[in-house]
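Here chain A shows up in two complexes: once beside chain B, once beside chain C.
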Partner chain A sequence: MTTSTEPLSSVHMPKRRDSFIELNGRERALVFCDLDSWRELLGPFDRLESPWLLPQNVTPQADDGCIVIKGKIDGVSTVVVSMEPAFQGGSLGEVSGAKICAALDLACRDNENGIQTNAVLLLETGGVRLTEANLGLAAVAEIISSLLSLRQLAPIVCLTAGTVGCFGGMSLVAALSSYMVMTVEGRLGLNGPEVIEQEHGVEEFDSKDRALIWAIDGGEQRYATGLADALVQDDVGEIRQAVRGLLKAGVPSVYRSAQVDLYRKRIAALDTAQQFNPEDLRKTWHRENTK
Partner chain B sequence: MSTDSNLSTRGRLWFEALAGQSGKSSDARDPDSVLVADAPLGGAQARFLCVVPDAQARFPRAREGEVGLEEAYALATHVREVIDSHKSGDRRPIIAIVDVKSQAYGRREETAAIHLAAAVAADAYASARMLGHPVIALVVGQALSGAFLTHGYQANRILAFDDPGVIIHAMHKEAAARVTRRTVAELDKLAETIVPLSYDIKDYAKLGILYDLLKVTDADKPQPADLELVKARISAAVDDARRGPKDLSCRWLSAAAATTRQATLKTREAMFSQWSQSN
Partner chain C sequence: METLEFKFSAKKKGTAKKRAHVGVVGSGDLEVLLEPLDTADAQVRIRTSVPGFSQQWQAVLDRFFMKYDGAVAIEINDAGATPGVVALRLAQAAEASE
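Let's turn to the complex of A and B:
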């Protein structure tokens, strides 16, 4: 029942959501920082773009599809890195890779010098940019190393909102972060469905079966099985709140990526004679049994 | 489907030759696809690790030398053992012998979060390196994509054989051509001028990531003389790693990177300069 004092709009209008997914990479990065606290580093006017694309008749982009914002979140210095899903599928090239690695190294240096600096990584990426192949893969290895150094000193929150998801080498980066946030639309996995189908056929993985893809890689499943730390709606306010909350929680005492024995036990218990039912996995890998 | 005879034997051959033993693990949880042994190297006791094909593997998509869930977790276990057993004196070296055609591409693997398994192994190797264990990768065959990220790419120093069978790359050639909508011939042509696209180990060496490129008589048949050479060069890499920083900066600060990775260096320099100017 509603009373007459309530405004009409809240009675009759459905609650409007402020979609995060509909934002581009730069707009996404800008929703997190305190008002007037930020600036973009190596923005498009610096024209640091990939040297490898033009010779392959691919148009480069002046920020190489990677936006770096340095600002404050709740008064604490934070670097926000956003991969632009609309440029080359959010793929990681030499320049975007070097941007991320350098930003993590500098955040690490600031923490070592007593300036608390946190990191937020917005990962919408299919992984390594195949037109820069080996330099993309090398960048992933370098980012992993820098992230593991920073992780000891400051929280790193990763977010995969969709619709690209987080695949390939960058899925390791997500798994190594201090906290992983996903939306229902977000996906997280090492090998994309198309690649698996291409390697082993449609029986192994039907890349057109969206229900199957989300049942395995989707945010709800990854959260229910303890592989993500927060599940949020596609709403700017809700996402911002979740990220801020995790940054405030600080450096975690236990990491998923150090739980070798727990996951070995879980893998050993699986019946590999058949495909695994993602629903069953939610019971055996229940998030409350993870850390 | 390849038959057993098509599966690479290089990893096992060089592991057995360098470690002087079969590498069968005494940990009952381990798959037969992970070889582990402790053996002397240049006066110290080093841990050797390798992933090899196992036709009987529990996971059907990890039977041809792919790095799957069990392989990744077993590697992490044996790397962390070295870290945990450290008492005093020098941190023991860890030698990853690399011949991995790919990560395991399968629905089972995705469902059971192979991205985490790969991250767990990378974390273990990187943690060992950052604590001061010299971590050396010796690439004797293929080192592809997620498989290399899992096993070898966190090493302080990477060594590879100068041999046509040695390939370090983000994706195997046929798949890369398909994804970038090119023919294999077009990809080969482009790779002649665009170094990071090349499948030739000599071109990979131009990126500056490799510490040493080793010429052996026969990469498929370890000879006594080659064995001495390889051991000496791994030992040199161990010593060099002990003297250098524990991060991966040697890769972009190398002489070759100054030419090939100018964009990396320019980006880092600009980021360092703009970062300091900001609040």
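Let's turn to the complex of A and C:
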């Protein structure tokens, strides 16, 4: 006799992966919250769109590509912010930046008032939106300021699942968060491959060489060198589990961003006369040597 | 950029029970915001990054409103979706609003 409550038809079915990457920004945000515990803040019908795009012949999106969900994860109040990867490459503009900033500030205020409120940031973003460059840069600074206040009070978990990755100013946000979760498909880097190639030539970095890009910016490498805290498959259940686990771990005792000496020594110890390959770097900068 | 506005007569109020939002303003796709109206017609406003296709928009909407008779306000933010994609998104929005 089996005591399983699963329907018979599913017992012998091969387990299929439930892709997270294939979800859009809003669907991604919603997989984390407890059932019926959430509401969207400043959703598309509030029409808080970017005023800078129409004059530049770009169609705006009603939520400016930034979805803010306030809900509960395992019963704890949490704000989930998701950048829509398909709208302008998940880029950060004045409005989306202000939404993220306000979400973090409100979470901060709740914590100060004794209501534990955590944050999850789904960073699928090429960084600052070039059509609103200066305002986007200012927004990054404001987000970082809000994030640094909140991270002392509550864990902030960032996730980069792919396929856009997390680049530019928003990679700084990821680096300053409490925890970073990546998939194998995810990428994390300050300058995107195309920017490096454009500025320093194809000999420096070939932005068409996908194997090279992922060997440097990819989730596996970032995790192996201790720059990400969890490496997960592109699977909704697995990603949800990892994020929930890190939220439960609470505020970390040591931040990567506080280990200035460690990272300075790492860079100083590199012999830049020779060309490093990603495998060597993994050995030299192994995640076990991070603490 | 081009902004287009269309009006259709709507026979029924209450076909759309709630507002619906579908799609993304991504390349070749569009975003549809559909809201129930308390009037005798349906209004459509389109903002598209590809100007010069008002006849095609008219044709896609004519076809949609041949079957759909709800009094609704529809806003479309388009990033170069093909007529087929537009028709599917409209149908999806109508379904999500039921």
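Throughout what follows, the second predicted complex is superposed on the first by the 276 of 291 C-alpha atoms of A that agree within 3 Å, B and C clash if a C-alpha of one lies under 4 Å from a C-alpha of the other, contacts with A are read in each partner's own complex, and residues count from 1 in each chain.
Just so it is clear, contacts are C-beta pairs under 8 Å (C-beta built on N, C-alpha and C of every residue); 3 or more make two chains touch, one makes a residue touch a chain.
Keep in mind it's a predicted model, so treat the numbers as computed, not measured.
After superposition onto chain A, partners chain B and chain C are found to sit side by side with no clash.
In the superposed pair of complexes, A:Lys283 makes contact with neither chain B nor chain C. Contacts of A:Lys248 after superposition on the shared chain: neither chain B nor chain C is touched.
Once chain A of one complex is fitted onto chain A of the other, the partner contacts of A:Leu41 are limited to chain B, with no touch recorded for chain C.
Of the two partner chains placed around the shared chain by superposition, chain C is the only one that A:Thr59 touches, whereas chain B remains out of contact. In the superposition on chain A, A:Pro51 makes contact with chain B only, while chain C stays out of contact range. In the superposition on chain A, A:Asp217 contacts chain B only, with no contact to chain C. In the overlay built on the shared chain, the residue A:Glu94 is in contact with chain B alone; chain C does not reach it. Look at A:Ile196: by the touch rule set out above, it reaches chain B but stays clear of chain C.
Comparing chain B with chain C, the partner in contact with more residues of chain A is B.
Here chain B and chain C sit at a least CA-CA distance of 14 Å once the structures share a frame through chain A. Common to the chain B-facing and chain C-facing surfaces of chain A is no residue whatsoever. Contact residues on chain A toward chain B in their complex (touch as defined above): 37, 39, 41-42, 46, 48, 50-52, 55-56, 68, 70-72, 77, 94-95, 97-99, 101-103, 106, 128, 130-138, 140-142, 144-146, 148-149, 168-169, 171-172, 174-176, 188-191, 195-196, 198-200, 204-205, 216-217, 222, 225, 227, 255-261, 263-264, 266-268, 270, 272, 275-276, 278, 281.
On the chain A side of its complex with chain C, the touching residues are 24-25, 43-45, 54, 57-62, 65, 84, 86-88. Residues 1, 19, 21, 24-27, 29, 31, 33, 35, 47-49, 75, 77-79 of chain C touch chain A in their complex. Residues of chain B that touch chain A in their complex: 29, 58-61, 69-70, 73-74, 76-77, 80, 103, 105-120, 122-124, 126-127, 129-130, 145-146, 148-149, 153-154, 168-171, 175-176, 178-180, 190, 193-198, 204, 207, 209, 247-248, 251-252, 261-264, 266-268, 270-272, 274-275, 278-279.
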